[in-house]
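Attaching a single structure in structure tokens format; questions to follow.
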Amino acid sequence: MNTPPGVLHTVNKSPFASASLESCLRHLSEGASLLLIEDGVYAALTGSAFSERLATAARQHALYVLGPDLEARGLAGRPLVDGLQIVDYQDFVRLAAEHATVHAWF
Amino acid sequence: MKFAILVNTGPFSHQATESALAFAQAVLASEHELIRVFFYFDGVHNANRLAAPSNGERNLVRAWSKLASERGVDLVVCIAAGLRRGVREANLAPGFRISGLGQLVEAGILADRLITFGA
Amino acid sequence: MASKRFLFVNRKAPFGSGQAGEMLDAALIAASFDQHVHLAFLDDGVFQLIKHQRPDTLEQRDFASTFLDLAEYDIDHVWVERDSLAERGLTETDLLIPVTLVDRATLSRMMADIDVVISA
Amino acid sequence: MKFAILVNTGPFSHQATESALAFAQAVLASEHELIRVFFYFDGVHNANRLAAPSNGERNLVRAWSKLASERGVDLVVCIAAGLRRGVREANLAPGFRISGLGQLVEAGILADRLITFGA
Amino acid sequence: MNTPPGVLHTVNKSPFASASLESCLRHLSEGASLLLIEDGVYAALTGSAFSERLATAARQHALYVLGPDLEARGLAGRPLVDGLQIVDYQDFVRLAAEHATVHAWF
Amino acid sequence: MASKRFLFVNRKAPFGSGQAGEMLDAALIAASFDQHVHLAFLDDGVFQLIKHQRPDTLEQRDFASTFLDLAEYDIDHVWVERDSLAERGLTETDLLIPVTLVDRATLSRMMADIDVVISA
């Protein structure tokens, strides 16, 4: 295995209801990645009050969004913020293994 | 690689509970090992065997128990958090065991990755 | 019994917390007691009404499909805040059912003219 | 004036539970009447008699029961929400009764004010 | 009793963590009052990122804050945003009775 | 057993949710297992450390007073984010105990250099 690239952050709150995602984005250090899960996936919507904020973060960090949570919420077919990668639970496990630690924000 | 999971939420309260279960199942389906699931805070409600959701609703308590019986996963309920909230031997679901917070710390020490699911 | 105007205020996204389905249950029971039932969807509550939801993906109960039957329960007042939709990049065409779209100031007045408020 | 209270949260989970209890006590100390407290969502955990907080911690379940025994307050647990979460006759604390959501609607009809405590 | 003056809104979430208070403030109609309880009382702090927002609302609506919740949080002796009235649970009951309905935001 | 660097991330206000006290319990147990325990307070978590808290007003457990004894548990790393204090109109003098005040960028780096993260 290569040197772990840094911290995998997870956020499970909607950016419209909670300050957790905004706080997490402000605390991403070098090599950190972010995985949006549960209500966190609403941040991936385009044309929202949060889209530009997430797009900016996507230019500096690897950003992932959990596919099953998009699908449950009716967002599977919609355009998403540029630079987001859709992953499944197997990928979530792989990402957790590849990063040094997992830091959950909620 | 060894994984451990911390569950902070109860069933029908927050999706974090279901995410924890799905993550546990994904670890078991991978080349990695799941050494323990620790239930803390409102997570202790996952171990209440009196839960009986109606037809068409998921029984998360039973789903956890199944992980223990079929895959031998170690399911540990924090004794203090459980007593506070009314989850103890009298209503403990099969496959769970009650122990102290030391089991959470030990999981953090023994596992390569500890993942928290909370709200 | 007397008939009152009940308002159910939905501000939470559908799956993250388990509250959305239980709110709808309460609204249906209120309707079965011949009360005047009003549903307001604002903030993240508007996500409850989005098309193409797949609760089965999470093995969750499909309460969204119940919205399709609201008229059968004599629930005609479904208010959705236009501003909340816009902030989330959504429009009326994204919604599962026909609703009464209102702006924030109007919804505020409508929510004030009610006998009983139940929120989640 | 007639008051009714809706409690959506459980003990040790959110302060809304304690606020509901304090509000109930304040109504009882006033010239007004408290016709019912309805426990819904995670609020059903307030009725779990197996809860046994340690010394120095507040026992909210017992505090509710006391309102029923000393002041005759009608404490109603939603049957469906309770079954989902494992609160039913087998572990129901004294002074609570289990019934349907109709009791919430009825409280809304009969009371002049219905106050929600949630999270 | 006089004609009820409008809706009594309660908010129990911190304005720094949750969008609930901001949303409530945007939905105050004529004659509405607001009572801050639980973590909502943090909005009453002066010199915070939210103070000015609350002070503006206080010039248009009656704003109350629950004393026991301030006290528990160590805020009892601190200066609060202008125009806020500190109340106790007996006042909470009285306010609920004096307003037409109570609308809880959380 | 091996000794790891545990980080307990406190982002929640003390009374609203019941999580703050149970987080502290977990940190104390980790210290008793001879682990390197680090406490980070940011966002609303900084409210946990405010002076003059009166949990007895709510008949809640007084876990804040336990902060005074952290050194006895060999917990020396207590990090507080300066930016979070400032946003809330607070300063170092409002805090119950001496802490290591760090800015947001520094705290982000410190939180990344840890073996186990437990958050609430």
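So that you can tell them apart, the chains are marked A, B, C, D, E and F in the order they are listed, and the count of residues begins at 1 in each.
Keep this in mind: contacts are C-beta pairs under 8 Å (C-beta built on N, C-alpha and C of every residue); 3 or more make two chains touch, one makes a residue touch a chain.
In this text, all values refer to a predicted model and were calculated from it rather than measured experimentally.
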**Q.** Partner chains shared by chain E and chain F (touch criterion as defined above)
**A.** A, D
Q | Length of the shortest touching-chain route, chain B through to chain F | A | 1
Q | Residue-number overlap at the chain A/chain E interface, same or different (half cut) | A | same
Q) Among the chains, which one keeps its Cα centre farthest from the Cα centre of chain B? A) E
Q: Sort the other chains by how far their Cα centres are from that of chain A and give me the top one.
A: D
(Q) Using Cα averages as centroids, what's the distance between chain B and chain D in whole Å? (A) 27
Q.
Distance between chain A and chain D based on Cα centroids, please, to the nearest Å.
A. 38
Q) What whole-Å value do you get for the distance between chain A and chain F if each is reduced to the mean of its CA atoms? A) 26
Q: Could you list the positions in chain E whose residues touch two or more of the other chains?
A: 12, 16-17, 19-20, 38-39, 68, 101-102, 104, 106
Q: Name the residues of chain C that each touch 2 or more other chains.
A: 11, 15-16, 18, 43, 58, 60, 115-117, 119
Q. Going by the touch rule set out above, which residues of chain D reach two or more other chains?
A. 12-13, 15, 41, 57, 80-81, 114, 116, 118-119
Q.
If we use the touch criterion from the header, which chain pairs count as touching?
A. A-B, A-C, A-E, A-F, B-C, B-D, B-F, C-D, C-E, D-E, D-F, E-F
Q) Which of the residues in chain E end up touching chain A in this complex? A) 16-20
(Q) Applying the document's contact rule, which stretches of chain B touch chain D when the two form their complex? (A) 10-13, 41-42, 45, 48-54, 57, 61, 80-81, 83-88, 90-91
Q) Taking the complex as given, what residues does chain F use to touch chain E? A) 11-16, 43-44, 47, 50-55, 57-58, 60, 87-90
Q) Okay, in this complex, where on chain A does chain C touch? A) 12-14, 16-17, 38-39, 42, 45-49, 51, 68-69, 71-77
Q: Give every residue of chain E touching chain D within the complex, in rising order.
A: 12, 37-39, 68, 89-90, 92-94, 96-97, 101-102, 104, 106
